[in-house]
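Starting off with a structure, shown below.
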Amino acid sequence: MKLFLRAYARNKGAIAGIIVVLLVCLIAALASWVFPYSPWDMQGAPFQPPGDPDLWLGSDSLGRDVAAGIAYGARVSLLIGAVSTAAALCLGVTLGAIAGYASGALDDAIMRFTEFFQTVPSFILAIVLVAIFSPSLGSIVSAIAVVSWPPVTRVVRAEFLSLRSREFVQAAEVLGHSHTTIIWREILPNALAPVIVLASLMVANAILLESGLSFLGLGDPNLISWGYMIGAGRSVIRLAWWMSVFPGLAIFLTVLALNLVGEGLGDALNPRLARRR
Amino acid sequence: MHDLTRRTLFAGAAAAGLLPTISRAQTTPAPKHGGTLNTILTPEPPILVLGVNNQGPTQLAAGKLFEGLLQYTFKLEPLPQLAKSWSLSDDKKTYTFKLQDNVKFHDGQPMTADDVIFSITKFHLELSPRARLIFSMIKEATSPDPHTVVLTLAQPFDPFLLMFDVTACAIVPRHIYAGTDYRTNPANQHPIGTGPFQFVEWQRGNFIRLKKFDQYWTAGEPYLDEIIYNIIPDSQSRALALETGKVQLTQANDIEPFDIPRFKAKPNLEVELHGWEYASQLSWIEINHRVKPLDDIRVRQAISHALDRNFILNKLWFGIGKVATGPIASTTRFYDPKVAKLQAYDPNKAKALLDAAGLKPNAKGVRFTIKQLALPYGEVWTRLSEYFRTALGHVGIEVVLETTDAGAWAKRIGDWDYETSTNFLSQFGDPTLGVERSYVSTNIKKITFTNTGGYTNPKVDDLFATARQSGDSAVRAKAFSDVQAILCDEVPQLWLMELAWPTIHEKKLHDVITTAMGPNAGFSGVWIG
Amino acid sequence: MTLSPTSPSPRGRGVGGWGHLASLAAQRLLKIVAVILAIAVTNFLLIHAAPGDPASVIAGESGAADPQFMAQLRAQFGLDQPLSTQLAIYLNHVLHGDLGTSFRQGRPVAALIFERLPATLLLTGCAFAFAIVAGIALGAMAANRVGRITDSVITVLALGFYATPLFWVGLMLVLLLSVWLNWLPSFGMETVGAGYTGLTAIADVAQHLILPALTLGLFYMAVYARLTRASMLEVSAQDFVRTARAKGVPEGRILRRHILRNALLPVITFAGIQAGQLIGGSILVETVFAWPGIGRLAFDALLARDYQVLLGVFLVTSILVVLFNLLTDLLYAVIDPRVQTA
Amino acid sequence: MSLLSVQDLTIALPPGADRPHAVAGVSFTLDPGEVLCIVGESGSGKSLSAAAIMGLLPPVLRRERGTIEFEGRDLLALSQTEMRAFRGARLGMIFQEPMTALNPLMRVGDQIAEVLAVHNAGGARDRVPELLAAVNLPDPTRLARAWPHLLSGGQRQRVMIAMALALEPTLLIADEPTTALDVTTQMQILRLIKDIQQRRGMGVLFITHDFGVVAEIADRVAVMQEGRIVEAGGTTQVLDAPEHPYTRALIAAVPHRMAAHIPAEGRPVLEVVGVRKTFRRGAGLFGGGTTVHAVADADFVLRKGETLGLVGESGSGKSTLARCVVRLVQPDEGAIRFHDTNLARLDRRGWKPFRKRIQMVFQDPFASLNPRRRVSEIIADGPIAAGTPRIEALHRVGELLSLVQLDPSAADRFPHEFSGGQRQRIGIARALAMDPELLIADEPVSALDVSVQAQVLDLLEELRQRLGLTMLFITHDLRVAAQICSRIAVMQHGRIVEQGETAQVFNTPRHPYTQSLLDSIPGRSWASPVTSLSRAAGEGWGGGNVTTNTAQPHQVTNP
């Protein structure tokens, strides 16, 4: 662990990334203290440019505080990113583990299934799903999860396949351990490193996907999210650039930071690559 | 003064000076021929034959391809189009239309009384629910000669003449449609009408191209060689197209309200807000009276007090339009400014009314929760629903937004499956045509654009019935005044705004908006100079 | 001497030669049919999962509905049949290229899509070409100067584009190059009514193409640049590169003939997988730039909830992706001799 | 003048490494027509010395001082371009891993032609087949058009040699060129190198860790330890009369004894009858793929207390057969009788009671321990799973660690804190924790350096005697087999072609394959001086004369 932290700390980008991610989490956590009003509330005249001490990132077309929107939006973006990633991980890890461990016909079936989902254009599938089941937090999270699990399955399966033939797993077999013990104690902990890296990138991707859906008008109408704010601000971009620029920056920074964290994790967990950087 | 019927008695014989005229600018130089008008059509219509489809974009483009018997002035007085004159019998049941000579369809066939009768009694009667309601009153339709049409009604119907513009009753060629399935007739893909422009090509998703019809019945018109409707789904791209001069004309909801002030300031552009008097669309918060506590008059009044209509007009619509004062738009006939007054913006009064209704706030300050089904027609309507949520939140009513698509929205409204929603309806010039339907108990149906909210007041029913059945304008005016007073008090729907749709065009484009048909008109007189 | 069981077979292209490519292609064609069937079934299920049947939606919209009209519509769409029969009918239609009829436009979905397909193929093709060429070039440059300033700049740039929402880039480009500088047209595919022909027409389309293709391409350029860089670094450490050095091969030649060629293999694989995302992204880009392709069609269908069209787009794009995967597989097989005997 | 003269070569390691210099003050010379072997264990700096001569040092390593003179020119003073002109033309090099040393996307002929092209030598069309013929490859014209992946390891190494020889260099550097090859192939390549070297009068700098190889090929030897040359001299002198203690320890560690014969009495513990296992590879949804008969009809009997060596080259099926016995692989056919039970018929549940009785030791000490579990858990998990109370199982860990000669304090550490040899001991302790009666050891020493190898072998032998184990020992190394096994079974292409007592198999092989295996043992004619065995032809290792290995030279460093 210490070694891992040291390896991670060597990567300056990763440090910056984790700081930004923590900052975003902090903003999300403190949103209701800093902005003790609903982000939907009108706090001033519409289209106030940034700089006003009460509305330091300006106001939108209904006089709502853009800064408050970004703070509360961080919650939604992170929530959607985290929950959809968690769901995708559950599905992906389970299927990948089964495929990699069982091999044979079951593996084949699972991989065809996975391939199918990987072939289908994911953004279009997400749109179709959200459109058909009408936009809500649940449908958005599910749609994002549905389109983002296949890489997890592939990675986990590959790990399981390689670990299965690793000698310590064979030793466990020879010692007479049950399948469950072998999967949970011997294989899974050793297969997690790439999944952790993937997860951080998936959160980033989920945030991007959500913003794309919101941009097309498929966001949850009761939740303020960055994607929604850009969607609402893009049509008035010439009138009020700050309405879409700031949430856009928020997405950019968060996604960038998550990617940096992912890279840092990848390097730290895979020292062979890190050395070459 | 909206005494339509009497005036039209003289229409056929009257000299031009006495007649209401197309409001053409008198000072401009003589029109010039030639040029291509690039404009915008959004969203892309499914089909360009009126009747088969009556959506807004269809009306815009098909209005150039087809014509009606009449058109209307800004004050909703009839003007000749395919009918050069008309008269009404003394029993107010028989209308006689004299048709223009030399009118040809785009395929070269002459247009005669047969085509008119076919269009009225067959084509639109079958296809259009709105036309069916009115045209089914026609007892007999005859043509004494190829240029005369006589329609006899079962009973007098005062607003009858408002049903003959191109959007309500476009004249279609009988020789093409008779005996076919109108909806799937191949001509729907290549429309044939009598309009000043004829259909050339339609690249789906890209543009529709119309060209001048050489055998148009008004000599020397149209002036333009071509009209191209560009299909641009993104509002910013549309604004940009206008800004860069790629299109010279935008209409309806092409340009989002917030962009209007910017275009108003441009010296080369003209923003016109009239031309929608016929439609006179009124927007409101649609209320389902079956949902408690919305059936309580005090609650509706409270909500009405909680809404700042000026904010809606100025901040959401950027001042485009007017604050609504009641169920009848100020541009519609029989609007009575003396009685049409709505609850003023006063949150405290709203709270008091809610308290009186026994709806006390709970620990979180919430009195009750209702759902709002947002109208899926674009951003500004979403903003409106968001404003509704915020405004009601301030008086302790929690609003949960639901979004849906246009189809499902219509279905849910039709199925009464909503608590509140947003809606806007056209009034078609006369309350009997466009207002009555939303408030009378006889029209509580599981169909969109009926009295889906389920409002019932026998007095209101009676007053609307009186107005409908009477041929006497004074009787009708009295009934409508009374009904306005009642409705303004009971607020069955929360009227918000009289919508206006800006028509923006380059100043070098002349005579664009000349009638109440606005940009739906045929544009035969439009020219570039 | 002991010969391994895999003794060399140098005739043509290894064991299977071109015949192997053909069998690979045949196998993939089978896969395409399987994918089409799977998507068709998914589509069918989704249609039936959607709240409200198509008939009531159409009826709701037409503003008037009576029971007779509804029954007529249900019969027209076969909604009165049992579910299994409906599925069979639907699959049969799909296999015959019939994707149903657009409720809104009253036209066959297949016709609507195929009208728009060329525009999308042009856009995504150009974006893809730009992304892959620029991405590989930048990635190779970065890997070649790893740890130096060029590398840092390229890495940061690639990461930046990778983290920016596509539509955002599009809006910014429009704002900058169209609105402020007025250099390039910001929407549409051609100057309508200009009546250009021949070269002028091509130049006109090309002008309109630049911004959307750039927007769509930048993200994938970033992806390919990152991938190429990583892959090149990986390959650089491999034994055969050391062999090449030991042979005295100059660095430039090592880079081109040994490192780059091997490093491109994962890029090709990934590009194949990414094809679907590219087409998905084109929905956003075509919407921002009013590009008359199937992405736009999908967006319009989305606004109108014209599910038949939306699902048709879903099916057709999926088939495109499978075809593209087939292409990359074949390309891979041509480049990498190991595939043919695998 | 010598062909190559390395003087005081010192290469610094980056800061933070376990020692300051990778190579420290190394000096040696190589004359034309001479084969110099640099021998040493992994990490001794022998490969880096070779890389330094080629100018192929990784950028992080820096030459601190010293010169490398080749044909009278200081290679270290040359510019990149000048050095490049030397590489491939005057200096040829071949590497350890033939499987990865060739560009997979270029035909082998093109790769050879590239050497000619970059050095502006023409005539590739004729030269390439000529060169391929020179390294005894069949049908050179056709082979030139083959892709590398279609060639076997030995063939690829021949291609590498052909490539290195293309411009007739005066010096060939061979960095462990046969280590990755099977023993018979190794012998062919060694002979090829020797042959070409003699014909052309090249100088060859040969890097290896294997004293057998040294004995086979070297004229002179330099022994490296931790970056320094500790001893150098003529081959016979160094091999037969080593002076430096390290050299002596290394040579002593080379397996050299013949195991004592244990009379095949007692009941059979394990009987393997007619076992078959066929793998299908690359079979997709639509068929295709190839079948590999990994084990085709194997029979053997293992009696109480004896050690049966299963020997064969890679791909002979020996590991698959061993895995069939412990049900890591399900055999297709045949019986595996353990005492009176046919294990092949049992399902997973039925197998469970036998897990305690049959245990296995694995090859790769780095892969055979779960990196995320502590040593105590690794060792105690088995007994706990078999029903031993947790406390008791953990309590025994210290005892087991002592048994395998590790400090009991190792229990709380993680595997990565141990060296390879120590990990292998942990692996053995894990197997012994179950108190097995049958131990299957799958190449337990082949991943270890020679000195560590000797210790682990000794440990296994000692445990076998002390605990009365019966052992199935799988190895590719005949010297190892000879030292530890009382009986030998030789496998080829999935079949056991010969089995018998060790001395008999070694001294009077009946099957030609056994004969060719024996002939391929590098330096077979050389016997380690420690045992001072007779070198009578055909005798090999004389039986019986067992000396205990007292040398513990390369003490495994504690973490």
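A, B, C and D are the chain letters, set down in written order, and residue numbers restart from 1 in every chain.
We take it that a contact is a pair of C-beta atoms (placed from the backbone, for glycine too) under 8 Å apart; a residue touches a chain by one contact, two chains touch by 3 or more.
The shown structure was predicted, so the numbers you read here are calculated from the model rather than taken from an experiment.
*Asks:* Looking at C-alpha means, what's the farthest chain from chain C?
*Replies:* Most distant chain from chain C: D.
*Asks:* Between A-D and A-C, which chain pair is linked by the larger number of C-beta contacts?
*Replies:* Between A-D and A-C, the larger count of C-beta pairs in contact belongs to A-C.
*Asks:* Centroid of chain A to centroid of chain B, CA atoms only: how many Å?
*Replies:* 47
*Asks:* What is the distance, in whole Å, between the centres of chain A and chain C, each centre taken as the mean of its C-alpha atoms?
*Replies:* About 23 Å separates the centre of chain A from that of chain C.
*Asks:* Counting only Cα atoms for the centres, state how far chain B is from chain D in Å.
*Replies:* The answer is 89 Å.
*Asks:* Give the residues of chain D that touch two or more other chains, as numbers and ranges in rising order.
*Replies:* none
*Asks:* Which positions in chain B are in touch with at least two other chains?
*Replies:* Answer for chain B, listing residues that touch two or more other chains: 236, 405, 408.
*Asks:* Could you tell me which residues belong to chain C and also touch two or more other chains?
*Replies:* In chain C, residues 51, 171, 179, 287, 299, 303, 305 touch at least two other chains, as defined above.
*Asks:* Residue numbers of chain C touching chain D in their complex, please.
*Replies:* 1-4, 6-11, 14-15, 27, 30, 238-240, 242-250, 253, 257-258, 261-262, 335-338, 341-342
*Asks:* Where on chain A is chain D touching in the complex?
*Replies:* Per the touch definition, chain A meets chain D at residues 108, 112, 166-178, 181, 185-186, 189-190.
*Asks:* Once bound in the complex, which stretches of chain C touch chain A?
*Replies:* 34-35, 38-39, 46, 49-51, 146-147, 159-160, 162-168, 171, 175, 179, 230, 233-234, 237, 273, 276-277, 279-281, 283-284, 287, 298-299, 302-303, 305, 307, 310-311, 313-314, 317-318, 321-322, 325
*Asks:* Would you tell me which residues of chain B are touching chain C in their complex?
*Replies:* Residues 36, 38, 43-44, 46-47, 129-130, 132, 183-184, 188, 203-207, 209, 226, 228, 230-234, 236-237, 240-241, 243-244, 246, 376, 405-408, 410-411, 413-414, 446-449 of chain B touch chain C in their complex.
*Asks:* Touching chain B in the complex: which residues of chain A?
*Replies:* It is residues 38, 40-42, 46, 61-63, 131, 134-135, 217, 221-222, 232, 234-239 of chain A that touch chain B.
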